[in-house]
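Read the structure below first, then the notes.
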Amino acid sequence: MQRVAAIAFNTFREAVRDRVLYNLIVFALLLIGTAILFGQISIGVERLIVINLGLTAVTFFGLAIAIFIGIGLVYKEMDQRTLYVLLAKPVRRVEFILGKFFGLALTLLVNTALMGVGFFLALYYVEGRISLPEANLLAALYFVFLALLLATALALLFSCFSSPVLSAALTFGLFVAGSLAEDLRELGRMMEVPVVEMLARVVYYVIPNFRNFNVISGVAHGHPVPAALLWENTAYAFLYIGLVLAAAALIFQNRNLK
Amino acid sequence: MIPTRRWLPIALVVLLLGGALLVGVQDRVDRTLAAHREEVQLLYLSSPQWVKRLSFGYDGLLACLYWTRAVQHYGRRHMAGGDRTYPLLQPLLEITTTLDPELLIAYRFGGIFLSEPPPHGAARPQQAIALLEKGIQHNPDYYWFWYDMGHLYYRSLKDYRRAAEAFAEGAKNPQAGPFMKVMAARIAAEGGDPRWARFLWAELYKSTDDQYIRRNALNHLQGLQADEDIKYLEALVARYGTQTGRPAGSFEDLVAAGLLRALPLDPAGYPYRLGADGRVRLDPDSPITTSTRGREP
Amino acid sequence: MPVIEITGLTKDYPRGFWRKRLHRALDGLNLTVEAGEVFGLLGPNGAGKTTTLKLLMRLIYPTAGSAKLLGRPFTDIDVHRRLGYLPEAPYFYQYLTAREFLDYCGQLFGLPKADRRRRLGELLEQVGLTEAADIALRFFSRGMLQRVGIAQALVNDPELVFLDEPMLGLDPVGRREVRDLILRLGAAGKTVCFSTHVLPDVESVCSRVAILNRGRLHGLGTLGEILKIHVQASEVLVSGFSAALVEALRRLTDGVRVAGDKLSATVPDEQLYTVIDCVRQQGGRLLAVNPVRASLEDYFFEQFGTEKVPELTSQE
C-alpha cells in the first residue's frame, strides 16, 4: 500500500542521513582490509582468512547496524512523539510497523551490498584476479542478509515495549542464543533428564535459529551451498519474521502512546 | 577573545611530545611484561570442544585466528630463540583443527614441526602422528597426509615398514603421483639410502606454499647435500694425504694439487672449513643446521 | 449534525511500582461540538485537555466511554482523512526539510504528486515558511516548528482540526498569527477545537468553551454564559474636575482614583446615574462609562483558587 511504502521510504531516508551508519560501514570495510594483512601469515590461507573474516565482519557490523538503527529509529520516533503526527493521519498501526520494517530492510540491503562489494574487492586483491563473484559466496552473503533481517524484526519487536538499551541487549542476546541453539539442544540431550531434554527441544524450536544462516566455514573451503538450503532458509526467515512482525503489530496496536 | 589562536601551537607541541613519551613508555611496559608474560594467555580455554561450542558458528574465523597464533608461536621462538620445545604448538593446532577440521595446512604444519628435533620442532612424533590421523579422518581424500605420515615414520622414527604402509595407503588415491607407489614398494628395503631422504624432502617442498615448511625442507636438502659434499671432500683430503705424505693444511693446498678446481662452498654459499684433524666442517655462520657431518659432534 | 460527540470518556493511568494505583486523568466526559464552531478546551495544566485530544485521535485508548467524529465512531481510522491534528510541543523528523516533511504527510493521505506539490506551496505560504522550506527541521526555532505543525495539520484540508496548545512557545506576533489563522479556518466553515491554558487567547476567538479541571468538566457554554456577564459595576472616567467634585464623588463611592488630570471611579450599578448627575452638576467632563466584566482569569481563580493541580509529566 502506498502508506506503507511512504513510511518505508521515509525510514530509509532517515537512516541514510544518520551518521552512525557511515561509521559502521567504514569500520567494516577497514576490518575486511585487515583480513588481507592477516592472510600474509601463510600463503594458502589468505583466501580462507579473507572469506572467514570478511563474511563474519559483514554479519557483525550488519547486526550492529540493525540494532542501532532499528532500535534507534523506532524508539526515537516514540520518544520524540513524531509518532503522534504520523498516527493522526489515516495510518493504521500495523502499517507503521510494516513501513518501519521495510524501510530498515532497505537500509540493510544497501549496507550489506556495500560491505559485500568491499568483501569481493578484498578477495580479488588476494586472489590477484577479478572474476565473477562465486555463486557460493553470494549465497553465503544472502544468508547473512536474511539473518540480519531477522535480527531487525526482533529489534523492532523489542522497541515496541522496552527501552533502547534493553532492546539492544535482548536483540543481541537472542542473536547469540540463536547461534548457540544447536549446542543448547545438545546440552539438553546430554543431561538425560526427560523434562530437561523436552525443555531444551522446545527452546530450540522457539528461539530464532541463527546458525541456519551461517555457511561461512563451508564456503571458505569451497563446499557448495545446497540448493535446497536456499529456499529452506528463505522460508524460515520469512515465516519467523512474519510471526515477529505480527507480534510487534499486536503489541503496538494495544499500546498507549506516551 | 580568541584564546585558542594563541595557544594552538603550544597545544600541538604538548600533544606531540606527550604522544612520543607515551610510545616510549608503552615499549618499556611491553618489555617488562614480555619477561613475565607466558603465552598462557592464549589458552584461556584449552579444551577444543569448548572453544568450538563457544564459537557459536563462527568457528571458521576462530580457526584462522588460532592458526595465526600457532604460526606466530612457532615463528617467534624459532627466530628469536625462545623455548624451542614449542610447548603450545600442539594445543593450538589441536584447537585449530577442532574448529576447522578442513584446515589442511594446520595438519601438515603439525606433522612436520611437532616431530622435528629441536631447534626446528617439538620432538613429539607421536603427537604429530595423532594430528595427521585426525587429518586423515576428516579429509580422507587428501593423500598428502599419508605422504606426511610416511615421511614422518621414515625420518623421525626410522620405521621404514610403517612408512611403506603409509605410502601404500596414499597411493590408493588415484590422484596421487606415481612416486607414492614407487616409495611404497622400495622404501622398506632401501630406507637407509640417503637418496630417499632427499627425494622425500624435495617432494615435500614442491607440495606446499607454506614458507615455514618450505624453508625447513630446503634446510634439510641443503644439509643432505652438505653431507655428500663433506664425504667427498674428506675423501679428497685423505687422497691428498696419501699422495703428498703430508696432511692438507687448507683447501688451497688441494686446489694447488689439482684435486679441486676452486674453493668449495656449501649449498648455502658459505665456504667449508678444513680442520687440523682432516675433518671438513661447515662455516660457523652457515645457516645449514641439518647436516649430520658438518657440525661438531 | 454535531462533529464531535463525546460520551462518558474516561481514562485511568496505572501508577506506582506495581501499577496498582489508578490515576484518573479524565472522568466521564460528555461533550458535543457542532459544525463550524471554534471550540476551546480550557483548564489548568493536568486538567485532561491533552488527554482528551489524544483519546480522540486514538493515540491512547479509553478506559471507558466512546466518541463520534464527523458522525463516525472514533475507532474508524479512515475518519482521519478529514481530520487535522497538531500535538502539544510537537517534534518532527530532524533530518527532513519542511518541504520533505509536508510532502511525506501528503503521501500518507494518498495525495497524488501534483496535488501535493501545489498544496505544499499553499501551506508554506499560509504559515509563512516559504523561505525556510528547504532547511532541515533540526535547525528550526520553536516558533517555526509550531508553524510547520499547523501546516501539517492542514495538509488534507480537513473539516475538523484539533490543535493542542497551538500558541505554545510563540511570541506575540506568532500568537496573533495563529489566532488569525484560527479565525480564518472558522470563517471557512471548518470546526476548530483547540486546547490552551492561556486565557486571553480564548476570549477573542472561541464561540464556545469547555472548562476542565482534574479530569472533570466544570463549565460548558459560551463565554458569556460561563462568566455570567451581568454588569456589576462600571468604571467612570472624568476629566476637568474640581476638588469639590472629587469630594462629592468620594462621599458617594469608594473606588475613586485620581491620576494626573484624569479621574476614574468604580461605581456600583445602583449608584451609576447618581454619580453621573453629580459629575454633570459639578461641571466635570464625562469621558467614558465602561462596564466592568468578570474575566476568565477571575473565573479561574474563583473556581480553582490556588489549589495545586497534580502535574502529569510522563504518562504510561
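Going by the order they are written in, the chains are A, B and C; count residues from 1 in each one.
What we mean here is this: contacts are C-beta pairs under 8 Å (C-beta built on N, C-alpha and C of every residue); 3 or more make two chains touch, one makes a residue touch a chain.
Only a predicted model underlies this, so the values are computations on that prediction, with no experimental measurement involved.
Q: Trace the shortest chain of touching neighbours from subunit A to subunit B and give its length in steps.
A: 1
Q: Compute per-chain Cα centres, compare each with the mean of all protein Cα atoms, and return the closest chain.
A: Centroid comparison flags A as closest.
Q: Roughly how many whole angstrom separate the Cα centroids of subunit A and subunit B?
A: 44
Q: With chain centres taken as the means of their Cα atoms, state the distance from subunit B to subunit C in Å.
A: 88
Q: At what distance in angstrom does the C-alpha mean of subunit C lie from that of subunit A?
A: 49
Q: Hey, which residues of subunit C end up touching subunit A in the complex?
A: Touching subunit A: residues 54, 57-61, 77-81, 83-85, 87, 89-93, 95-96, 100, 104-105, 107-110, 149, 152, 314-316 of subunit C.
Q: Please give the residue numbers of subunit B that touch subunit A in the complex, ascending.
A: Residues of subunit B touching subunit A: 53, 56-61, 63-64, 67-68, 71-72, 100, 102-103, 105, 208-212.
Q: Which subunit A residues qualify as touching subunit C in the complex?
A: Residues of subunit A touching subunit C: 2-3, 6-7, 10, 13-14, 17-18, 80-92, 254, 256-258.
Q: If we count contacts the way the header does, which residues on subunit A are in touch with subunit B in the complex?
A: These residues of subunit A touch subunit B: 38, 41-45, 48-49, 51-53, 56, 59, 176, 179-180, 183, 210-211, 214, 216-217, 220-221.
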